[in-house]
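Dumping the structure here so I can ask a few things about it.
For clarity, chains are labelled A, B, C, D, E and F in written order, and residue numbers in each chain start from 1.
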Amino acid sequence: MKTVVVTSNPRADLKIVDRFATLGVATTHEASGRAPNLMKAYMRPVWPGASIAGTVVTALTQPGDNWMIHVAAEQCRAGDVLVVACTTDNTDGMFGDLLATSLKARGVRGLVIDAGVRDAAVLREMGFPVWSRAISARGTVKSTLGSINVPIVCAGVAVRPGDIVVADDDGVVVVPAADIAETLAAADKRQANEAGKREKLAAGVLGLDLYDMRPALEKAGLRYVEKLGDA
Amino acid sequence: MKTVVVTSNPRADLKIVDRFATLGVATTHEASGRAPNLMKAYMRPVWPGASIAGTVVTALTQPGDNWMIHVAAEQCRAGDVLVVACTTDNTDGMFGDLLATSLKARGVRGLVIDAGVRDAAVLREMGFPVWSRAISARGTVKSTLGSINVPIVCAGVAVRPGDIVVADDDGVVVVPAADIAETLAAADKRQANEAGKREKLAAGVLGLDLYDMRPALEKAGLRYVEKLGDA
Amino acid sequence: MKTVVVTSNPRADLKIVDRFATLGVATTHEASGRAPNLMKAYMRPVWPGASIAGTVVTALTQPGDNWMIHVAAEQCRAGDVLVVACTTDNTDGMFGDLLATSLKARGVRGLVIDAGVRDAAVLREMGFPVWSRAISARGTVKSTLGSINVPIVCAGVAVRPGDIVVADDDGVVVVPAADIAETLAAADKRQANEAGKREKLAAGVLGLDLYDMRPALEKAGLRYVEKLGDA
Amino acid sequence: MKTVVVTSNPRADLKIVDRFATLGVATTHEASGRAPNLMKAYMRPVWPGASIAGTVVTALTQPGDNWMIHVAAEQCRAGDVLVVACTTDNTDGMFGDLLATSLKARGVRGLVIDAGVRDAAVLREMGFPVWSRAISARGTVKSTLGSINVPIVCAGVAVRPGDIVVADDDGVVVVPAADIAETLAAADKRQANEAGKREKLAAGVLGLDLYDMRPALEKAGLRYVEKLGDA
Amino acid sequence: MKTVVVTSNPRADLKIVDRFATLGVATTHEASGRAPNLMKAYMRPVWPGASIAGTVVTALTQPGDNWMIHVAAEQCRAGDVLVVACTTDNTDGMFGDLLATSLKARGVRGLVIDAGVRDAAVLREMGFPVWSRAISARGTVKSTLGSINVPIVCAGVAVRPGDIVVADDDGVVVVPAADIAETLAAADKRQANEAGKREKLAAGVLGLDLYDMRPALEKAGLRYVEKLGDA
Amino acid sequence: MKTVVVTSNPRADLKIVDRFATLGVATTHEASGRAPNLMKAYMRPVWPGASIAGTVVTALTQPGDNWMIHVAAEQCRAGDVLVVACTTDNTDGMFGDLLATSLKARGVRGLVIDAGVRDAAVLREMGFPVWSRAISARGTVKSTLGSINVPIVCAGVAVRPGDIVVADDDGVVVVPAADIAETLAAADKRQANEAGKREKLAAGVLGLDLYDMRPALEKAGLRYVEKLGDA
């Protein structure tokens, strides 16, 4: 495995990044055409209520070893989100309040890590947003190299430095750098579209009618019967 | 598989349903004689603090496909709880704020779904109670039929339309329509019984004495020793 | 299996116990030299925010059977934490508000149980801290003996009566009775050490420099490149 | 929970049952229209190669307690398959070579159990087919009642005495008594249909052409491009 | 954590050890009174059919690091079984054909490891028995110390050097050094007892009668009814 | 999500591919410097003993929908291995004997699928090698598009058409097209290196000496003590 730190990672325009934070995970995912860009559902916020977006800085670590997170910190700057993968399934507490203090000092918006974190209560108090696979106080060593800003797979999703990552209570989604403009346009369109729908649904209009589903259901063969015996 | 919508599903008396909401899950489960009517422990509330009961409307869906939830909405009315099973293990986000808006407009009391939901933050703000297997923004299609108001198995429990479902922070329990009266009577008895116990336990009386366990423990062969070596 | 109740279990000095509550789980674990004393990450608080330490009273139970928890209550006194293991993986609701009332009346500080608990909402209202494998209303029987105050394995950790257990939002850690003094000394040292670090990290000093990691990283072969192609 | 033994459970015609053993699990499942009648994939054969069908006798047990399996044995006769559910998730070794000897002596064709079994090597030597959730030597008690020949949910599927259960290396499927004739007819039709297909596919005809999928794929919008950039 | 190699680990008498290999896991577990001495059911043989017993040599390793297994090899001798725990859940391939060759050369009878192993096909060809949590080719480093011949917890069971470990297709069980004689006596008694039972069960005698269960079942309240409606 | 079939996927030289089949998974993984190229350990062979390598053709499918596998078959040719990912976790039986017959007719060497397969017994008889997440007879629909020969993430590993995939009893590893030559050279070197080691280890030389580990262990602080109390 190449063990390198790539220092010239590209950044997305922060004005665009900020719009994704407003859109949130579900809308961004839908706007990407339900691409396979959504991390697995075991990735949960350490504390609820945060909604962030940022440019991806990646770190690839070894199990039980958080050395590369220290290396990654130097490559992060304001507007970034650090996305950490591990070479194997691991829940050790690779990240805690000291590293959070360091990242926060650099303007990093949050952490997404397919491993464990600790100091959960302090992270909540600090307001530093973290999405992780587990909460665990298990200590880690600093002895084996990994890589920074190489392509990784994190919680089932391929992630590259310079991509945009969006995270909220629904989970974590990644927008590849090449798809940012297209996804944003689709998201805007979708949001405009949904606003009116919500009012109609609140007024009692059924989705069956709002989305004109009845003909397709009938064509698919759906039958309405009064009792099960009638089926 | 029969793909039908049964339209004449029976309803329980809402005055009785409301009493189960007050009793809560643990008491209802005990009152049913610990019947195998408790959904698996992976069914968790999307937001804590809600306690509901309602008449069951069932939906059987396909993985990654929420078409039948739209069909189910039309069959729901005030006092119902929609209970959704899937033909296979699936965590996709089959339900979000738009469907919640629609169900809420119809007076539905909550959703129990053995799959994923999304828009977790909005569901909390709306106060619409949901118990699910997962939170996931994964989008779904609308292409394969299932059934509405047929008997299903949801999170390990057989559920039929017209049953009562009770859900709170402890999970989800189902009371078969035929057992409602008997269960309610047993629950009332149990609650009256527990009230006095709580006071005694708070005053320092041991369960060993309150429930007169000592003779049975002795008969079973329990020995008290000062040190382990004495055993 | 021996089924005994050992009545003369040793206790730790409560002044020392209280200091561990202040230190918390992560610091205590690190102070023990990252010994294998941390329970598995599936052990989660029923409600967040509690931070406790206490002397261990152990109970070994059978699946779906909470009889021995009633027996254990009598062996608990002020300053204790009851630690419950089961002979097999089990998530049934072995503990609820009545047992919590009883333990609270005796001054017990909390419960750590590798099984399920119920009455989650009431436990939160009572402020009785519980760490468990699951929340489940599944009822239990009282028919098979286990043991009290014997050595157990709970969530992957060997625990003995008289050990200190520390629990907070990060999980649960055990300090063997023989290691209490040494661990406490190491924890104090670590805390003093971390305080200054936090300020420096908040001021923008990198961990790479604060911990002088650069020479070791270079020696290990880490290379910095501008682009991935350069690697 | 009612704790009863129902003694007059109905049986399916063994000539029909035997035909399902020949059809196997996948064909039976498809012939039922992919009904939700397939047990979860964690149900695996203790030894590979067996393929059985039988009339269902049900047992509902408590965790860590195999008392009811002894009670069930008396209700079994030649051509039956014993299907065992547990009131909660449990992997204890509820069944071993002695019970297998007893069931075999009565002409029982196999065991399906949503719990653990032991004596795996002897079961293989005896040629007694078992599908289980786990292999575990964990011993069990005989102290709490369950029920025999009541409706159960086993590994996610509703099962009733008198249903037909089919099991092979692909898993376990249940045919409700009411659907036996219809399912068998559909299975025969499917098998006749598949035979010719296999030969054509072996000769190099693509499924795309054999099933005439191309028009539907085109209508759904599938595009063929030479390079990804062309998409 | 103390990182030491204890060199004077005690050994059990190999004549006694060999008798446990003949008894097997289930009988040994039962003979120990169903003590909590059975490893979790995820511990499976890499290849079926082996049945071994040996004196325990322990190793405690770090995730993704097999350095200590090399250290452990030197402490092993003929009649030993190496039992490896890891400080956290880890499935990396810590052990393969080279280490197996080394252990085999020293007369070691097998490996029990709560982590992953690789070269599964070669281990089978060599006839070197291994029980593990996973099969994985994931490579490991040699950089962080653990300990040899200290007390460990492996797959949920407390294990000490000098204990006897027994493993077969049913899993892995540990007999503490202090309990060897008592367990062996109980096992012999149990085996003698079971032999006659098997013949009777094969001849059609029911367990209900063989174990005289009917009075206890009746006392517990079991009712026999012809139809469910009669209950 | 783009739903396209890329038709001009590159192929690796089959002479080189065949050499990887001989090297096997563990050696290939090590030769790649333990890159994160090893699929998760839940990917298991449907039948043991096969060892294959092939050029990757990728398919991205929807849960419970095997339409794209039919589309993929047309893009496969002799020497290929079809690697199938799904947009979400799914164990449905997407592949069985008919599709295996079709792939075999085209000279495809095997299937790697992060979902379920069925007809396990027939696949074994046919000798068609399959690695999957599960065995399940659950039927699938053909209604939603995915893509063929786009980059995918399968069981945690990024895979592209034209990569080499190697699979045996140890699991599945992927060699990116760009790394083939380098990996092969490293593997050859490693194999030559290991041969001599095996003989020495079989002759009783310890890894500690063969790999000259003693100085590093001493430097890391490992201590040898006679008894634990001496530590």
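The rule is short, and it goes like this: contacts are C-beta pairs under 8 Å (C-beta built on N, C-alpha and C of every residue); 3 or more make two chains touch, one makes a residue touch a chain.
Note that the structure is a prediction, hence the values are computed from the model and not measured.
Q: Keeping to the contact definition above, tell me which chains border both subunit A and subunit D.
A: B, C, E, F
Q: What's the call on subunit C versus subunit D, same or different interface residues, using the half cut on shared numbers?
A: Same residues, largely: of all residue numbers at this interface, over half are found in both copies.
Q: Can you check how far apart subunit A and subunit E are, centre to centre, with Cα atoms defining each centre and the answer in Å?
A: 42
Q: How many angstrom lie between the centres of subunit B and subunit C, each centre taken as the mean Cα position?
A: 30
Q: Scan subunit A for residues touching two or more other chains and write them down.
A: Touching at least two other chains: 2, 34, 87, 89, 91, 138, 143-144.
Q: So with touch defined the way it is at the top, what topology do the chains form here? Options are line, ring, star, complete, other.
A: other
Q: What are the touching chain pairs in this one?
A: So, checking each combination of chains, I get A-B, A-C, A-E, A-F, B-C, B-D, B-F, C-D, C-E, D-E, D-F, E-F as the touching pairs.
Q: Which residues of subunit B touch subunit C in their complex?
A: Against subunit C, subunit B makes touches at 25-26, 29-30, 34, 38, 41, 44, 48-49, 51, 168-171, 173, 194, 197-198, 201-204, 206-208, 211, 213, 216-217, 220-228, 231.
Q: In the complex, go through subunit A and note every residue touching subunit F.
A: 1-2, 32-36, 40, 60, 85, 87, 89, 151-153, 156-158
Q: Help me check something: in the complex, which residues belonging to subunit C touch subunit B?
A: Residues of subunit C touching subunit B: 2-8, 67, 70-71, 73-74, 91, 93, 96-99, 101-102, 104-106, 116, 118-121, 134-139, 142-145, 149-150.
Q: Can you list the residues on subunit F that touch subunit B in the complex?
A: Those residues of subunit F that touch subunit B are 62-65, 87-92, 138, 141, 143-144.
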